[in-house]
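Across the two complexes that follow, subunit A remains constant while its partner is subunit B and subsequently subunit C.
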Partner chain A sequence: MKKSFIAFWRRNLAFSELAIVSNLEYRFNFVIDAFVQPLITVGIELLLWIAIFKTTEATLIGGFGKEAYLAYGVWAPFLGRIAVSWMYESMMVEEVSSGSINVILARPISFYEYYLSQMMGYKFITTVLSLLAPLSVSYFFHLPIHYDRIPLALLLVFYYLFLIHTLSFVISTFAFFLTRVRSLTLVKNLTLWLLAGELVPIDLMPETLSKILLLSPFPSGVYIPVAYMTGRVDINMISQGFLSVSISILVSCLIGHWLWKKGLEEYTGTGA
Partner chain B sequence: MQFIQTIKKYFGLYQAFFKASLVADLEFRLNFILLVFAEFIWYSTQLVLYEVIYRHTNIIGNWTLNQMRVFVFLALFVDSIYMILWDPNFSKFNDEVRKGNLDLLLTKPINSMFMISSQKISISHIPCLFITGAGLIWSLMQIPDFNWLKLFWLILLIPSGLSVIFVGRLALNSSAIIFSRADFLQYVWYSIFRLGLRPDAIYSGTLRYILIFILPFAMVASVPTRFLLEPIQFGFALWALIMPILLLSFMNWYWKFCMKYYSSASS
Partner chain C sequence: MSFVIKTENLGREYKTYQKKEGVINSIKGFWNREYTSKAALKNVSLEIESGQIVGLVGANGAGKTTLLKILSGLIYPTTGTVRVLGFEPWKRETDYLRQMSVLLGQKNQLWWDISARDSYALLAKIYDLDLIQAKKRVTDLAEMLNCHHVLDTQLRRLSLGERMKMEIIGSLLHSPKVLFLDEPTIGLDILAQTTIRDFLEVYVNEFKPAIILTSHYMDDIAQLADRLLLISKGEMVYDGTVDRFSQTTETSKKLIYRYKNDHAERELVFQNSELSEKLNEVVKSGEVVELKIEEVDFEEVIHRFLAKESRI
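Our next item is the complex of A and B:
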């Protein structure tokens, strides 16, 4: 048991390292991804909220002041970028569509695990390095951030990534049955983006809608961790986030497992 | 005479591209329907943002909700045109460079920038063009005493705004030729383009001037909206005429500059 866990751990660590090394190989590309893009996005969001508070008569919107929204504007796009998988999902779909999945099927590692460890490695290195940007902006502008809450908030985001990866896995299994599935990725990611609360804090939405959204697992990617860091919600909401993500992972794993089995029955190993 | 011949040649090519894209897109019908659906989600998010914020405030910048709707629908209308004409080509640009497919395009007896940017037309965005156009008309109907003749200004201002998007995206993509791998520059574009999806009134001082004259994203929808809703500023009309010429001249130079770094990947 212990031996098999060590083998499992080593295998996954190796794939994570592979993802880190291959992403750091093209440094310009990495710098753009980890620093330039988040800074631009954060800058634009800050300007929007500054303008809103400059022109509105009220000093509070939805019960929170300017600094609270600036903090939200800084952290929501940062976490939103972590809590999404475009690159690895495209790669997974491509593997299935093109038939190059044969190589992975012949290896002593599952398709799910192979890409999960790579995505986690990539997300880990990008998060660690780009964390500097929102931290320094928060410090410089004295934004109301509970710094001691950041580790738990990030933990929820990384836990949410398991759900995101499982959903990517589900989407990639559709490539067994359909010729083109890029549109599914697009629809799924845009929907998650809207439901996660990156665009606008969920508590600003109409009350009924906001309650329904908070019961779903998707705010655990952006809204709940940012709201927890900025003091909009307490630890109970984080617990609720972990719970709804766990249930969703379970459900999506079952769906994914069923689709995978059906897909393999349909699959003809071309390119071998 | 030769000019007319050239126009005819490019128009003919464009017709062929359109037919090929139509056939290709409609071949995978479920994919097509989902793409249309995805675009509606994307456009809805832009509307939702302002609709939610205006539940808590009456004015942003110096625009009311009705005025902001005109801006949002106009921005989305311009974006739809860009998506139909160029986006699929720019999205696959990096792959074309890396896989060496650019070689084939460069050998064609037509302008290489035209070829790389116009081969594929996004048919799935055409419904969005109609919806956002209808949305624009609806939002203008909510403006009391709107002078409908002002819509003629859009004949000048929309192409001008499109030139900003075209040059911005192509310039970023062309940089991928210099750096052997620059996939994430595409994502930078989506971040920068947010500048155009926000009203220029939220930017103040030097930044606003930068967004009008240097990185002219304000010309995409903010300035055209001001032409529709506020007294005409003829200085901006003149700038809308000159700016595309400057941008396209720059792009022509930059494209040639980047081409010097291109090493045929397929050979």
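Our next item is the complex of A and C:
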């Protein structure tokens, strides 16, 4: 038991390390993905909120001032960047549709575990390297951030990543049956982007919609952690986030497992 | 006798969408698609012992790769039973996957962006091997393949031949008891082909794994295989030794001759018993200035045999 536990961690840490080494190899792509893309999104969000406050001439929107929204505009794209998995989902889908998954199937590793560890490794390194940007902006512009709440907020985002990966796994199993599922990936990720509250804080949405969304796991990727860091919500909302993400992971794992089994029965090993 | 691979009436069907020509048919196909079933493998029964190298030969689409995919657990069989090392491969149990290896000659199985040595370290963790033992095994195998100098180079910077040597080391790192080699020498130059062939010969003599080898280079089969399986249209059409195959096939000699004032050499393939008759025919048709009789090479024998089978 102890031996298999050690083997599990040894193997998965090696996958994480592989992701870090492989991604750092392509420096240009890494810089764009880890820094330029979130900076552009932060820029868009900040301009949007500055324009809203300027045109409405309001001092408070939804009970919060301009600084609170600027803080949201800095941190929401940063966490939103962590809480998606475009790159690894595309790779997983491609593995199934091209048949290169054969290499994984023929080895004593699980497809789910292999990509989960790689994604976590990549997310960890990009988070560590790019965290300085929102921290320094918040500090220099005196944005209303509870710095002591950042670790727990980040923990929720990383926990949410398990759900995101499981959803990517489910999408990739569709490739067994349909081969090309790029449009599904696009629709799913855009929907999650909206439901997570990256563009607009969930508490600004109509009350009924806001209540329903907060019961779902998706705001745990962006809205809940940012709202917690900026003081819009308290620890109870974080607990609710952990609970709804846990339930969703369980349900999506069951669906993914069933689709995976059916998919392998359909699989023809194309390209081998 | 215990067999490491045993199949009975193994079969696999593929369902294929019949895509008709043109835009109109593509639009119709949006809601109404016609599928046909094609048997890629039919009633294949096999028994393979440990330490045996089996050459699996057939034309493109004959079912070779389908058979390898079923045996290695990549796909499910539609009919029949299969046991490899006592396991049903399609269940992909960890204990089975730890004891077998597949090398797909046209696919990279090591990691593109890291060095081969880093890939082996990762494989050692995947297979839960002792890291020191694994390093020693890499050194030994690299010496046998004479490729020690490229172990620290990224895979994507290696030549095809070097890459294939790296892939072979990767597939043997965990000392598999069963090894499936699909076109291991494809696209390689003569020197690299010979090195890999010689290496496999020595390796099998020393470690005695069971190997199923497919190749389009008949020299691979002729040099390495103890046993030959010929597959045509999903069915086994020959199962026996390479020597027996060469002896029993009809076309076993080749007459090469040249007529006076004719610069081109001509060839005539015939059965042993037809020698006098064919010689007479050749001599009657002109003044022969050069004549020699050669064994028909193995590749040609197989091609003729398969061509004949395909006509049935």
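Here is the rule we go by: the second predicted complex is superposed on the first by the 271 of 272 C-alpha atoms of A that agree within 3 Å, B and C clash if a C-alpha of one lies under 4 Å from a C-alpha of the other, contacts with A are read in each partner's own complex, and residues count from 1 in each chain.
As a working rule, a contact is a pair of C-beta atoms (placed from the backbone, for glycine too) under 8 Å apart; a residue touches a chain by one contact, two chains touch by 3 or more.
For clarity, every value in this text was computed on a predicted model and none was experimentally measured.
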Touched partner set for A:L186, first subunit B, second subunit C, both or neither: first
Which of subunit B and subunit C A:R107 touches, first, second, both or neither: second
Subunit B versus subunit C as contact partner of A:T268, first or second or both or neither: second
Which superposed partner A:S246 touches (first subunit B, second subunit C, both, neither): neither
Touched partner set for A:R11, first subunit B, second subunit C, both or neither: second
Most subunit A residues touched (candidates subunit B, subunit C): B
Subunit B versus subunit C as contact partner of A:S90, first or second or both or neither: neither
First (subunit B), second (subunit C), both or neither touched by A:L194: first
Contacts of A:T127 with subunit B and subunit C, given as first, second, both or neither: neither
Touching both subunit B and subunit C, residues of subunit A: 26
Interface residues, subunit C side, partner subunit A - complex: 14, 65, 68-69, 72-76, 90, 92, 94, 97-98, 100-102, 104, 107-109, 111, 113-114, 118, 121-122, 125-128, 182
Subunit C contact footprint on subunit A (complex, rising order): 7, 10-11, 14-15, 18, 21-22, 25-26, 100, 102-103, 105-109, 264-265, 267-269, 271-272
Residue ranges of subunit B touching subunit A (in the complex, touch as defined): 28, 30-32, 34-35, 37-38, 41-42, 44-45, 48-49, 52-53, 55-62, 179-185, 187-188, 191-192, 194-195, 198, 201-204, 207
Residue numbers on subunit A that touch subunit B, as the complex places them: 26, 28-30, 32-33, 36-37, 40-41, 44, 47-48, 50-52, 55-58, 61-62, 178-184, 186-187, 190-191, 193-194, 199-200, 204-206
